[in-house]
Every structure is written in C-alpha cells, then in structure tokens.
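Heads up, the next two complexes both have subunit A, just with different partners, subunit B and then subunit C.
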Partner chain A sequence: MNYKTQKQILLTTFLFIPLLMLFTFLIYPTLKLVMMSFTNWDGVMPDFRWVGWSNYQAVFETPEVWLSLKNNGIYFINGLVQNGLALMFAVILASKLRGRNLFKATLFLPYIINSAAIAFMFNYIFDFERGPINFILVALHLEPIRFLSDANIVTFSLAGVSLWRYFGFTMVIYLAALQSIPNELYESAKVDGANAWKLFRHITLPSIHRIIELNLFLTLSGSLRAFEEAWVMTNKGGPGYASSTFMTYIMRSAFDFNNYAFAAALSVVLLIMVVIATIIQRKLVLRS
Partner chain B sequence: MKIAAALTGQSFSGRGSYTAKQFYFNLLKYLLLVLGVLIVILPLLVVIFTSFKSDVEYTQTSVFQLPASFLNFENYYKAFTQGEFILAFGNSFIIVLFGVIGNVAFGSMTAFCLHRFDFKLKKVINGIYYLSAIVPTMCLQVSIYSLLKSLGVINTYLAPLLLYATTDIVMIWIYMQFLDKIPKSLDESAMIDGASYFKIFRSIIFPLLTPATATIVILKAITIYNDLFTQVLYMSRQELRTVTTALIIFQGDRINAQNLMSAGIIWVMLPTVILFLVLQKYIFSGITVGAVKE
Partner chain C sequence: MTKKVVSAFLGAALIGTLFTGSILGAPKVSGKITFSSHRTDFATTVLPAIVKNFNKIYPNVKVEIETIKDYQPAMKIKMASDDLPDVWSVHNDYYSKEQLQQFNLPLNSFSFTKDFLGTDGFKGADGKIYALPLGMNTTGVVYNKKIFAKLGLKVPQTLDEFVAAGKKISAAGYVGLATAAKAGWPLQYFWQDIPKFISGDSDVRNKLAKVDEPFTPSNAVYKSYAILKRFADEKIIEKDPLSADWEPMKQEFRAGKVGMFLLGNWFVPQALGSALKMEDVGFFPFPYDNKPGPKNVILGPDLGLAIAKNSKNLPAAKAFFTFMMTTNYADYAKTCGLLSANKKRPVDLPYVKEFNACKPVILPSIGDTQAQADIRNKAQFDYNSFGQEILGGKDLKAAFTELNAKWKKAKQSL
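Then we have the complex of A and B:
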C-alpha cells in the first residue's frame, strides 16, 4: 500500500471518533442551545412553539439574574485579589529560599482536592455554632458570623473558598513564568545601575505580561462559571437567591423549574459573555 | 541587592555584608509563606482532628483540641460502610479509567494527525478545536442534557464516559508539544524500512510520547475524580454513586454527625492527595504546559 492511500486511511480512522464526539458534544449542543432559546420548550413535552426574543427579554427582566450576575462579579473581584496574592507569593518563591519546594507543594495542595470534600470541609469551618472561625471570634469576645446564612456575607464566604482552592494554581503558573525569564536580562540592567523596583517594573512585569493577561482571563471566565461552592454549600445558591450565580440559576431554571427555554437563553447570554472575554484577551495578546 | 533578588525572583551574587534591612526582608518573606501555609493547612487539620473524635468527645471538646487518640478509626469505618464507599470508589475508578483511556487514545491520535500530516480539513479541525477552547462545555449542559436524555444514557455509565472521553484541547496541546521534540527523521527512516504509518505511530511515536501520556493520565484522573458537575447531573441513581456524590448523599443522611462527616471527607481527599505527593513533578509540568499554551 503506498503512503498516500495509507495517509488517507490513517487520517480517517484516527480522526473519525474524536471529530464525531466533538461534533456531538460541542457543535450540535451549541446550535441546539441557540435554537431552544427561541422556543417555549419545557424540557418534558415533545412539542414547543417559537416565541422570538421573549426568553431573552425575560432574562433581562428577572431580578434574580441580575443578583446572580452581581455575585459572579464578587467572584471576579475575589479573583483579582487572588491574582495579586499569587503573584506576590510567586515572586517570593522564585527567590533564593530554604524549603521552596515544600512551600510550593503545600500552597498548591488545595487545587487537587476533591470539590465535594472541599465544600463539606468549609461547611464545617464556617459552621455558626461549632466552626473553628467562630470559635476564635467568640474567644476574642467578638460577634460570631453567619458565614453561610447571612445574605450579605454568604457570597464572600463562598468566594473565599474558591480563593483557597485556586490560589496555588495561579501561583504555580506565575512561578513558571518568572523562572523562565533569562538571568542575563537582570545582570545587564544591574550593570546599568537599576534598583529593585526598576528591575521589577521594567524587566519582570513586561516579561510575564502575557501570563498576567492569561491568568486574568482565566479568572474572568472562571468567575463567570462559578458553580460548585454555591451548589453544594448553600443548597443551590441560598439562602433564597443570596448566593445564586449565573450557573446555579441556569441549572435551577432547567431542572428545578422545568424552564428549559429560559435556561437556554441564560446559557447563550453566559456563553456570549465568556466569548467576548476571550476575544478581548486574544486581542490584548496579539497587540503585545 | 537581596531585595532586588526577592522582588525580581532572581539570585544575585551576594557581595557585601548581610544588613539589617536584608534580615527583616527575609523574615517578612518567611512570615508570609508560613501564614499562607497555615491558611491551607488549618482547615485540613481541624477536619483531621474531628475525624478521630468519638461522638461524646466531639460534643465536649473544642475544635482545636487534639483527639484523645489518633488510632480511633471508628468514624472511618462507619463512614466507609454507611457511605457505601466501596461502591463509590468502584464507580469513580470506572469513570476515571475509561475517561483517561479515551483521552490518551483520542488525544495522541488526533495530535499525531495534526502534527505530522497536511490535509484539506486540517484548518477546519484546528478551527473547531480552537472554538472548543473558547466555548465552555458547562454553558452547554442544558442542551447536552436533553441530548443525552434522548439517547437514553442518563443514569448509566455511558453519559459520564462520553463526556469525559471527549478530548479536550489541552491534552492535544500537551501531545503536540512533545511531538515537536520527536524528530521527523525518525518517521522517515522507519518509512525507508517499509513500516506503515500505523506501525510508526504504534511502535515509535506512542512509546516516545510516554512522558506526555503520564502527565495526561495524572491530570485527567484528578480532574475526573474531583469533578462534581457531570456526576451530580448524570449519575444521580444510588447505585451509580461516585466518591464525589457519595459525600453529598452521606451528608443528606446524617447532617449533625460532623465527626463522621469529617472521616468521610478525609476518605474522599486521600487518593488525589497521595497521588500528588508521589507524582508532583508530572502535575506541575502538566498544568504549566496546559495553561501557558492557552
């Protein structure tokens, strides 16, 4: 068999299943989602009507949607804090240091822990009566905090869990970027008499500029997709809708309220937000 | 210069004396690191302590108090049996195993085709994978759910397997990066010997990709084991409980027995933590390759 025929056979057999799966679980669902968002399908009955833009109108007129979006915003601000802290710790870990690998591994550890285990662990940590944080607060004669049942606090508590979990991941990426900066850059700048701040400002920051953007993008798209903490820890975004996120609200609309079409419209809106964020990020990368 | 070293993450030759300023700066560095480590470790310690306490002990001692004995495995035994963890670990193992096999097989095959050959559809395929990196599958779950429902696979192993085995772009990137390092002259000399493309892939390329495969196996195993979304949504039947969902079911059953719950939490955490301790190197290299390429 000549190599030309072989190549055709190889490409067909190797790529058929992966492409079929990609088509089935990515392209088809995307198109279906958009289509469903213009109907009144309830997810159960076989028939539906076309209803134009009314689901999208409902998305913008539902107060819980805006509340959820605000909560995603809290996750995002929390993510910015996480990036700042992670960069600081990465800079520390990139310097000469005893026990560097141990510090790095420990700080990264939460990232590989099971999400349900983390959720239930923090349920306990945040427990109003028996939790360790309130134990300390009471010992210091301070008011205990209702971390998970006070509507004004709950989202911050959940975002805190997310920070605990993903901080090490962000840090390790910054650390890898810092360690790939060639040493000569610093050496020659030092000869020119640059001080520490100048080195950081003019060599370190520009060198890891792309990675900072990448991490910020991961933060933004991650915060738009926040789901697990609220789903498990506050029973799908409670109390009421206080800790609801876009994603928990989508899941509740579809599976608790059988409002598939509305959930589809919500998903499309979320998808558009994520895609816009991605495009902006790629533009920024191309610009530099 | 020590400060410069710290700020820039570079080591400087340490000429001159160790000044007071340097000393305080180093002290600050270690204080911050220790603080960070404490924030990571303390919640885990509290859970570990609690998991070894008997019911009476739990109600009578404070959270930070050490348990009377670290050999009191009663909660671990009870959590394991009442939470039906044998079933849960078995189910998690099945979805991890087949999910990982799917990713390795499809990922290496796709990467081989895209890296070594030029063909008409290549641009289109690259475009689709590029799209898959932008569109989060999580946003598509509403329609994926109705699709899987019409296929009749919800609450069977097939639903999570189909979703987990769908190659994600990061796997392909990792394979592509390793393929860059395997010289094409190897393929060519094998072709002179008359080896078929299949044989080249099977006996030359795939074995040389072992480090990439190791990274992907570990990363994917951890991701699938830890995933909540797919398992909650598609495996809600009791007999299909996984380690992740077992904890949720368990909590619903006995909400007040925090010491028992803590033991359950530790059971669930153990596998990936052990894997991480043993195979750190692969995990770190995997996430940096994946992320930086994105």
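Then we have the complex of A and C:
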C-alpha cells in the first residue's frame, strides 16, 4: 500500500463517523422537516396528507406569527444595544484601569449562571407586589411597573434579562479582539494629536471590524432564535401571545395544537429569514 | 410406534401444564414495566408507596416510575416515537380520538370497565374506551371558612352576592378570588364548565362547531368570559392577576391569605397545611347567575390511565392497571382529592358533603367531538391564552369578533 492510498484510507475512516452523525442528526431531519411542511401531519399519527403550499400560506396569514416576529425584532434592537454597551465596556476595560480583572469577572458571571436559576431570580425581581424595583418605585410615590403582565412591555423586560445574561460574553469577545491591536498604532496616533474619539473611530473600529461582524451575526441569529426567557418566565409566551417569539409559537403549534406540519413550515421560514438577514448584513458591513 | 406417540403426547401434556400454570398463577407475572404520571410532587412519596403495595401481590414485577414536568408535550413525542410507557396517565381533552385509538389497548374487555363513569372523553374513533378515569372532578369554589367567619359572610347563592363577598374580602386585605392567571390553566373553567352551567346544556361547546360565527353576546361562552371580565373590573381578583402564578397562589391560599378559588374538589387536599385544617376549608357550587335555587354543576373525569398497545410486557402492564383501577383505586383518588369514577369503589370526601348539601343539578358529562376539537386546533385557539388576554384588558367584543373570524376560517378550511 503506497502513501497515497494509506492517506485516503485514513481520511475516509476518520471522517466517516462524523459525517454519518452529521447526516443522521442534521441533514436527514432537516430534509424530513421540509418534506413535512408540505403535509398536514399532526406529529403523532402514522398517516398524513399532502397539502402543498397551504401551510406556508397560513404562516403569512396568521396574526400571531407577525406578533412573534415583532417581538423577535425587539430582541434584535436589544441585541444592538447589548453590542454597543459591550464594546464600550471592552474599550474601558482594555485600558490600564485598577481592578479591571475584577470587573471583567463580575460582568462575565451572568453568562455562566444556570438559566432556571436566572428565570427564578428575575421572577422575584420583576414581581409586581414584592419585587425590589417596584418597592423602590412605590417608596418614591411612583406607579409600580407590570414587568411581566403588561402586554406592551413584557418583551422589553424579557429582552432586558437576555441583555444582562449575554452582555458579558459579547464583551469578552470584543476584549480579546481589542488586545490584538498593536499598541504602536495608538502611540503614533497620540503623537499626531488624536483624541480618544478619533482613536476609537479610525484605529479601533477598522481593526476589529471582522469581530463586530461576527457579533452582529450572533445577535441576529440569536434574536430570531429567542426562546428560553419567554418560555420559562411568562409561561410559553404569555400573557396570551404578548411575549411569544417565533420559537415559542413553533413549539405551541406543534404540541398544543397538533399542528406539527404548520410548525415545520414556520421553522423553514425561520431558516430562510436567517439566511436572508445574514446575506443583507454581510453586504452592508462589507461595504463599510 | 405407539410408544413414541404416547411419550410425545405425555411430553406435550407436561409442557402444557407449565403454560396453564403461568395463566392461572397470578404471582408468576414478572418483568419490568414503566408507569408515568404528571404528579412530580408524588415522585418520592405517593407513587413509590403504590408500587410497594402492588409488589405485595405481584413481587416479580419491577415498576419504574416516571414523573415528567412538562408532561403533555413529552407524551406526544413518546407516542410519535412509539416509546410510550406501559401504563401511562392520560390528560383529558389533549389527544384526538384517532391518537387514543392508535396507540392504546382497548379496555372494554376488562370486567370492571362497565363500572366506570366519565369514559366519554377517552373513547377512540371506533367508540371503544381507551383510558379509564383515575377520579372525577366537579368544578366549584374552594373557600377559606376562617375568613368568611371573620367577615360575617355567608356562602353566596347568586352572582351579585359572589361579587359582593369578593369585594368585602379584598377590602379586608386578602385576595377575594384567586385566579393564578399567569399559569393559564386555572382559567380553563370559563371555557370548559361555566358555559355548560349557564346554558344547562352539556353539549354547548360541541354545538359551536356547527356555526360559522358562534360567539354572539347571547352565547354561553361569551357570557362566561363576560363574568371573568366582571371579576376583573370589580377588582375582586389579585391586584395583578397576570403576574400571579399557580405555585405562589397555592401557597397564598394555604397561608390563609385568599378568600375564594374557583377550581375543583381536587384542590382541597393541596390547600391544607399548617394554617388551614380540613374544617377550615369549604367547597360550594359556583353561582353563575342571579337566579336563586339549585345550581348546575358538572361531574367530569380527571386524568385517565391507559395501557400502551405496543407494551413489551402486556401481562404485567394489565396486572398493574387492574391494581390501580380496583384494589388501589379509592386510596389514590382520596389522596388526590378526587371523587370516584368507579361505581363499585366509592370515595368519601367530607368537603363534598357541603357541596352536595346545596343540592346541585348534575349535568351529564359529554366529551368534545372531533369536529369541535379540529376547528379549535386549526384556529389555534387556546382558551387559556384567551382568558389571559381578557384579564389583560382586551375588549370583550373585539376579542370575540377576532375569534369569530378565526373560527369561521378554520371551519371552512376543514
């Protein structure tokens, strides 16, 4: 057996199992999902009928879908705020600040706390009658806020929880990127008389522009996939459908209403949306 | 030649006796089965005790108990992947008739099946029974007798008296009527039972399936949610019902801070604790209108128990099922605060005596027709979310106009 054949055999055998797993757990289910979206399967019975595009038609005609999309939009705007804040803190903590390591650790901590514990904790913080925020508001003779029960602000409250949770992670990524910028650039610019804002705009931003693109992609796909906060903290996207996101609506369609095929169509639409949004984002960022 | 025939015959007879032994001898049933329940709070207490009692009769059967938190969706996945537990708890009004028939063993052949009430909702598309109720529930108002005595209140006989009592209790610093609306499901009675009480017709929901836009102001469902809205407007419920979740409100009731809770007899055991004893908790029929006299009530099944058709150990599964539905039936029903569905196994609940003393009119129990359930699922109408929207301040007329449009569309597309 010559070297080339040995190399072939080695590559094939090592790649075989990962590829098999990729096919079994990703490619095959995705293809099945797309197929199911053209049927009326209820998720349980062994039989179903082909219904063509009617599920997709229903997706665009259901008002709750648009409401969920609007809520996802709120998560996205929240994500942009999160990125801005993370970058700001990263810039501050990249400089020689006293105690910066302590701050870095504290700000990153929320990311590693268990999500059930976070849901529990924020249920207390947001509590209408006994939570600390409302307690302070009432003490100041202001109106207490219905964080989780007012249909207009519930998604903002949940997005706030999401910001608190993932902000540290975003910040750490920016920190790592900032530390890769060589100091000489800053020193020579300072010698030329640049102030902090000019330093930021002309040196920092262009150098980490790829990382910003990465974080924006994570924010966008994360906001479209927002699920946990709404599912756990407001009982599946309540009250009513006020805080439902695309993902919670998919879960409810599949399991509460026996409309598995409709949920499959929603999932395919979600996938297409992520792809389109990413393409648009790449074009915008690449141009700058 | 004859010797061979005779010895073969004797050999077959000998082997035959082995088989008859295993059919006649109950203790020979063995193997492993799984039993699933949604009562995660019973996982380490009640359920193992039941298995222990079962093992006294059938020592060779190992019963694995599975309690799952998000029970119903998990069960649907298990159905689809043919992985159902051998004996499993079946929620009422969650599975279609076809689903029940496809995955479960028909139970008509068991000798005790004919003794059971409330089996209508567990029938398959072929009319056979696929699950038997673990108990029966009647919807009513569980109330704190201590608060009533303290404020000098009598059990309300009309809707206006109910609201007045609620106001008095709220004014005294307690919660007049708890709803636990954040959890959604405690509002189910406004869809499931109260329309039946108002119209005196157990079939009132199934009749909705025949009309394109059934929710007019004179419709029983409309009137039922109008009562919910009235409770919110008259401020007899929690200060912020949509942030009141089930477990916290249950604790509030147990601590004696809630006057009334519109649930069922099943709640009373859960309301008892250090603050409230059995004699401090009462139960009366819900006064849904202002006509004096006996009220309509419903007697419906709680969860049912079924045997998976593709169980790998049918003899053991059947043995455990029989045990749960006969020998152990009254015990479990009493622990859960359920009335008995088995005519031969009565359950004595003291608080139901008070309820029955009001001489309520028991309406027959009729399950949902497939037609009505199909329209509801196609319209993606969740009656609990609907109740939450009403409590959130949505206009009643607008909400029902929207629902009518969805209902019509779903009906026409089926």
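Here is the rule we use: the second predicted complex is superposed on the first by the 264 of 288 C-alpha atoms of A that agree within 3 Å, B and C clash if a C-alpha of one lies under 4 Å from a C-alpha of the other, contacts with A are read in each partner's own complex, and residues count from 1 in each chain.
Basically, contacts are C-beta pairs under 8 Å (C-beta built on N, C-alpha and C of every residue); 3 or more make two chains touch, one makes a residue touch a chain.
Computed from a prediction, not measured in an experiment: that's the story for all the values here.
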Under the stated touch criterion, name the partner, subunit B or subunit C, that contacts more residues in subunit A. B
Is A:43 contacted by the first partner subunit B, the second partner subunit C, both or neither? both
Output check: A:142 vs subunit B and subunit C. Expected answer is one of first, second, both, neither. What do you get? neither
Return first, second, both or neither, reflecting whether A:80 touches subunit B, subunit C, both chains, or no partner chain. neither
Should A:107 be classified as contacting the first partner (subunit B), the second (subunit C), both, or neither? first
Mind working out whether A:258 is in touch with subunit B, subunit C, both or neither, as first, second, both or neither? second
Return first, second, both or neither, reflecting whether A:234 touches subunit B, subunit C, both chains, or no partner chain. second
According to the stated criteria, A:11 is in contact with first (subunit B), second (subunit C), both, or neither; which is it? first
A:280 in the overlay: touching subunit B, subunit C, both, or neither? Say first, second, both or neither. neither
Contacts on subunit A seen with subunit B and repeated with subunit C across the two complexes: 43, 127, 251, 255
Flag every residue of subunit B that touches subunit A in the complex, lowest number first. 1, 3-12, 29, 32-33, 36-37, 39-44, 46-47, 50, 62-64, 106, 109-110, 112-113, 117, 119, 125, 128-129, 131-132, 134-147, 162-163, 165-167, 191, 196-198, 201, 222, 225-229, 232-233, 243-245, 247-248, 251, 258, 261-262, 264-265, 268-269, 272-273, 275-277, 280, 283-284, 287-288, 291-292, 294
Per the touch rule above, subunit A residues touching subunit C in the complex are 42-46, 54, 62, 64, 123, 126-129, 146-151, 234-236, 238-242, 251-253, 255-259
Report the residues of subunit C in contact with subunit A in the complex, numbered from low to high. 72-73, 76, 79-80, 95-96, 98-99, 102-103, 181-184, 239-243, 245, 377-378, 380, 382, 385-386, 388-389, 391-392, 394, 413
Give every residue of subunit A touching subunit B within the complex, in rising order. 1, 3, 6-7, 10-11, 14-15, 17-19, 21-22, 24-30, 32-33, 36, 43, 88-97, 103, 105-110, 112-117, 120-122, 124-125, 127, 130-132, 135, 164, 168-169, 172-173, 176-179, 181, 183, 186, 190, 195-197, 199-200, 203-204, 211, 214, 218, 221, 225, 227-228, 231-232, 247, 250-251, 254-255, 260, 263-264, 267, 270-271, 274-275, 278
